[in-house]
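Two complexes are shown next, each including chain A; its partner changes from chain B in the first to chain C in the second.
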Partner chain A sequence: MKTKLTALAVTTALVAPAAIAEEMTIVSWGGAYSKSQKNAYHDPYSEKTGVTIINDDSSAEAVAKLRAMNEAGNVTWDVVDVVAADAIRLCDEGLAMEIDPDTMLAAAPDGTSAADDFGDLLVSECFIPQIVYSTTFGYRTDLVGDTAPTDICAVFDTDAYPGKRSLEKRPINNMEWALLCDGVAKGDVYDVLGTPEGQDQALAKLDTIKDDVIWWSAGADTPQLLADGEVIMGSTYNGRLFSVIEEQKQPVAMLWDAQVFDLDGWIIPAGLSEERQKRALDYIMFATDTQRLADQAKWISYGPARASSAPLVGKHAELGIEMAPHMPTDPENAKNTFLYNYEFWADYRDDIDAKFQAWLAK
Partner chain B sequence: MTDASKPDGPMLAADGTPLKKSLARALRLQKMRALALIAPLLIFVLVSFIIPIGSMLFRSVENSMVSETIPLTVAELQNWDAQSGELPNETVYAAFVSDMVVAIEAKRHTRLGSRLNYEQTGMSSLFRKSGRQIRRLDPATDGPFKEQLIDIDKKWGEIGTWATIKTHSVDITNGYFLNAIDMQRTPDGAMSQPEDKRILIKLFQRTLIMSMIITVSCIVLGYPVAWILANLPMRQANVLMILVLLPFWTSLLVRTSAWKVMLQQQGVINEVLVWVGLVADDARLVMINNQFGTVVAMTHILLPFMILPMYSVMQTIQPTYLRAAKSMGATNWTAFWRVYFPLSVPGIGAGSILVFILSIGYYITPEIVGGTKGVFISNRIAYHISSSLNWGLAAALGTILLAVVLVLYWAYDKIVGIDNVKLG
Partner chain C sequence: MAALTPISRKPLSLVIPCIAAAGGFLGLFVGTANGSGFLGILIGAALVAAMGWFFITVLKNENLSKWISIAVVAVLGFYFGGIPGLILGVIFGKLFHWFTYWLYEGRYRARLLPYLTPGQVLWHYGFRVICGAIFVFLITPILVVMPLSFNAQDFFTFTPEMLRFDPAGYSLKHYQDFFTNNEWQRSFKNSLIIAPIATVISVSLGTLAAIGLSQSHVPGRRAIMAIMISPMIVPLIISATGMFFFYSDIGNWLEGTLGLPKTFVGYIKVVLAHAVLGIPFVIITVTATLVGFDRSLTRAAANMGADPVTTFFRVQMPLILPGVISGGLFAFITSFDEVVVVLFVGSASQKTLPWQMFTGLREQISPTILAVATILVVISIALLTTVELLRRRSERLRGLSPG
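And then the complex of A and B:
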């Protein structure tokens, strides 16, 4: 019996690498976003290579889980979709492998190198950007009165726009908006926010609307609150608002002013076996080329991260509407924008978050 | 005289060995067999429960990362006094460069930066940015380093930076526990956090108070239900029992979200109240995203844990006791209060312990319906585990929570007596 078991264990061990080669686990956010990736990347890749792709909707806890897997010495994920800030932390913690854009990523069709094609969006050595999304406001067209808001500061103007608003239950973005509407010049926002006085100033501004705010922690909250009429305006990811407006036909419109750009993309966990790493890199090479990134925009209103993909963005695959005007990067929408300041928040998030939470609990 | 009648010799078994010894051997075999039977459970509990909890407790004091990443610097810093008002000397800087070159090679310097950033804002980028420059230095030939490092980043020329490193270089630290009670470990010893960052003690208090409110509401609502269940004929009681258990078949998230639909301002209850005319349309009640919402939703979710132990205890109370009391002239109330209620107390005790302990560790429901005033300490623990990655602080908070539960359990044992708790 014992020998049989040992024999079995040995065979499993021998067979296992072959099994890994046939399938890979890709971690993402679930919902409409994972669907867009499945249509644009996973299905074509499986067709081309015969690799089975297993989806795991764990991106929200990816950093913590990867750290735990790494400590346990058993990383079961092959490719992980994370926001840029998380990618930077994973890179800092040594949990993601470094990527060389020139050898590991596909060049644009016209020969531009991947490094130039992604440009400034390569914010970390470990990060392969996929989309540009934005955190922005949507408002109920039927509940804001006769003059629709066009300015971010409408959020802080409870006289002109009485009613509840929803904001994310974290300092990032909210502090910037508060300072902007408290008269701080856009270029000075982070200098001011780096000082204790600036942090107090932002919290004081937020304090003026504190009683009118419902705080959200999941991206789906604001669309639901808007649809229910619980709030008259609220912040969330632009793709969520797109589906409320265009797919569910709710009386909601976008307030693109002072939208905050952020990036989402892939990392490959550190410590994969050579074979799995090779496959993960092969997938990344395929899934982040110019055409594939443009394909994803057929399914969801997030802008492709490559400059060369933008002209290829076409119509929504099911609704048949032109996608370009719904992209956060469209010139009409991007008149006044912020880019998530990764460096600043990597330093200040622990400190400001403690203050923000203490303020919330007051 | 035979051996057996000898008064001072040991009693012998049939085979001549002393009886005591042979009995012990027989018992030992039995004990081993019993142990073998419970071994799977014992190993399971040990592996999946005791060891993880033990390692969690240890994380709250463990802090070897600093001295492992920059060992030479930590050793050199022992000779430097932060109070002296002077920067460390060249040997510290040289040791630091040697340490960093090794750490950068192993990509460990940024981890150290994240660790120290919990204590002092800016450490994360300091280590990340300096790493790119220090990588090019050769510790053997490129010295002296003091000026070079200060050129790379002026924070290396600040006493505070080095004081932070020195303060947090001990292998076993009380820093996380101090943070967990709104204090901090500083070069001058333990100090209070600035007022605008104090939140954790408040959350501990809130967690305890709200858990008590939830427990009491469960008792108030659950007692009559358990009483009816225990006193109905079996057939009807079983049907009602299904209603009590029904929520277990529904996902926790669904039940919590359902409360959102019920309680929000455009929700079912407010709509009905406005329709009836009890509440004006512009003065709808705020019943969610606050403490009220948390108490309602959690009472609903935890109610079965109160009803079940109460029910099983009440089932064992003989109806004849009540009749006897009444036949001796007690009113309905006296019979209930003096006879029935004391007999049902073990059920209340068991239910209360279950509900209270479950509710102080809850975080999904408060997160969804609690808004800002209805969240618990467990929401902060979840934040530090999954978002800020400050696992040491999360472990310290968890350890304190565990200690609070044990203290309350001990107090309960002293006041009510743990023998008085019955699950059936």
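And then the complex of A and C:
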């Protein structure tokens, strides 16, 4: 027994100093996205400071997990990558720490303050924007016939484009697209969607293609379905489609029309110890400066959130192709776009979600 | 084997419907793959019935009809599926021919008892078909994964190159990814750390508990047993939620009061949680072996002056070892496969293989998961084969069985 205790003590003594040689857990989405962050942020940061970074691919359940961790007084995450809507919720619930862009974020190389550099994208006091991504459609070039779709309403046109489509299993984006293709003017979409009649109108439009829809819930589903030829077109994040087209060389093309912009970025959980918070802030300061954000675009086709990063976007690090034309923000791609309406969906999400789920189950 | 029963030719009215049904069944698959299942059934049934009728009434030459059957189905297979279709066609052509003559000549009765009624004969073969189908449904999902793991693309898709057996359609890059990717390596290492330690803890505690609970003088042993077994019965997600809060408090105490490092505490939490899940399996298997254990042996040992610990290790333990080992195997597999509890209790530095596979499936459908699955299946088969061989060897040495 005594030897066992000694052994334990020795192990502890051995492990202890190693673990104090800093380690931080960064939560993100996994896949190609985490890889781009590793290459652009984590590896250079580890090299600079000696901190070991551990990836946790749990962003999908970040809100629920942070709530539980906070309740248990056991927050194991240091920096969390979430979409803007989740950041707003976490901030409102006091689960994320407030960030002062002037003191906690780096200024642009030309001296523009971080607040001006990020501009309108600072949608919450706790949120440090990182990328602009869009939810848009890709289609199989070999399965859509002779005239390739150029219009979002091709999704609803099963006569011209017969076959299955994949749509995300939630009302956001789908309702907007449905109204747009049911003759509602773009400027009026949210006014109409705010009324029960408007919601019914959108669902009625979706009803016309319900039998042809495969519903997805993970970003990887649509690429897989497109590669299999199970669907002829489907919505997903534009970076996933980029990977399908340019890296996997699948016969797929982008339908940028009516793409919906959204933001993704960092939050720092509330309730970290002083030491960990300091390190998290140091990481954020490093990882969101102008050059790093531009570097991430070498690995994935998401637009950097800083205005000053845009001119620095160059070629893909492995494929060597120009990244600018693959960015959702490129003028050629951004002729007709939506910005995710945070206020509207914060107010209506629960109601419309319930309606949508009831409609799905019918 | 010599025929038990004299066999006789069967009428066409029995043979033709039977082979037509078989043909229709296969036609269903070909038809579905090419657009219309119903049409496939009709064409398949008609084709096979016509071939059977032709062989039996017109050709009357079993050997020649075999080659015709193979050629016809192989050509059809080639038309629908290229080279792989051709190979399948040869196999199925041979099969059809064999099936037709098996029925027509009455060979299916050759090895059965002569007095069986037609119903009993039908059940005899129906039973085997059902068993075979169960086997197929259990095994196919595992087998399908294996060729997919050699896919040259990053999708769960049998590409046209793969179906043509073109070497360019295959690659080992997903295996390479598994062996070079840090995330996979770290989670593999974590699994190899956590599962054995959790197993040792569950085996020690579970065996002691089983021995204690098998003593008739222990008060309330049924109630204690029920509580110990409960992790097996309570839905895992509920245990996991409870464990999350329970171990968070313990972890905070270990970190805050004792000052242990965070990562080390994380491992302790996951190992303990997995040990709790493994204990019921050990208790159950050891209790089952203890039923056959002769108590007078421990008394005899005591009579000869052995203390209880010596008795346990020298007398009782060797006899209940099979139960302890199989309990340990179950505990190991429980921990090695477990994803729910580790998602709750663990933090990212304790990420295990199932956790990595889970997030990998959700965030990026990567065939690396299939490569890992294939490796794990091969390891499991090797492990179980070894255990079984050792068991047979020890039985043979002890003279328990002739084989």
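The working rule: the second predicted complex is superposed on the first by the 341 of 362 C-alpha atoms of A that agree within 3 Å, B and C clash if a C-alpha of one lies under 4 Å from a C-alpha of the other, contacts with A are read in each partner's own complex, and residues count from 1 in each chain.
Throughout what follows, contacts are C-beta pairs under 8 Å (C-beta built on N, C-alpha and C of every residue); 3 or more make two chains touch, one makes a residue touch a chain.
Note that this is a predicted model, so its numbers are computed, not measured.
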**Message:** Following the superposition defined at the top, how do chain B and chain C come out on chain A, clash or fit?
**Reply:** clash
**Item:** Partner chain in contact with A:Asp228 - chain B first, chain C second, else both or neither
**Value:** both
**Request:** For A:Gly31, select first, second, both or neither according to whether it touches chain B, chain C, the two together, or no partner.
**Result:** second
**Request:** Tell me which partner A:Asn55 touches in the superposition: chain B (first), chain C (second), both or neither.
**Result:** second
**Asked** Which holds for A:Trp177: it touches chain B only (first), chain C only (second), both, or neither?
**Response** neither
**Prompt:** Just chain B (first), just chain C (second), both, or neither: which does A:Asp353 touch?
**Reply:** first
**Asked** Of the partners chain B and chain C, which touch A:Glu343 in the superposed model: first, second, both, neither?
**Response** first
**Item:** Selected from 7-15, 241-249 or 277-285: the stretch of chain B that, after superposition, runs into chain C
**Value:** 277-285
**Item:** Overlapping contact positions on chain A, where the chain C interface meets the chain B interface
**Value:** 60, 228
**Prompt:** Quick one: in the complex, what on chain A touches chain C?
**Reply:** 12, 15-16, 18-20, 23, 25, 27, 29-32, 54-58, 60, 68-69, 71-74, 76-77, 218-221, 223-224, 227-228, 247-248
**Request:** Write out the stretch or stretches of chain B touching chain A in their complex.
**Result:** 106-108, 110-111, 113-114, 117-118, 121-125, 128, 193, 196-199, 202-203, 264-267, 289, 367, 371-373, 375, 380, 385-390
**Asked** For the complex, which residues does chain C have touching chain A?
**Response** 153-157, 183, 244-245, 248-249, 251-252, 260-264, 266, 347-349, 351, 359-360, 362-366
**Message:** For the complex, give me every residue of chain A touching chain B.
**Reply:** 60-61, 63-64, 67, 89, 91-94, 164, 169, 200, 214-215, 217, 228-230, 343, 346-351, 353-355, 357-361
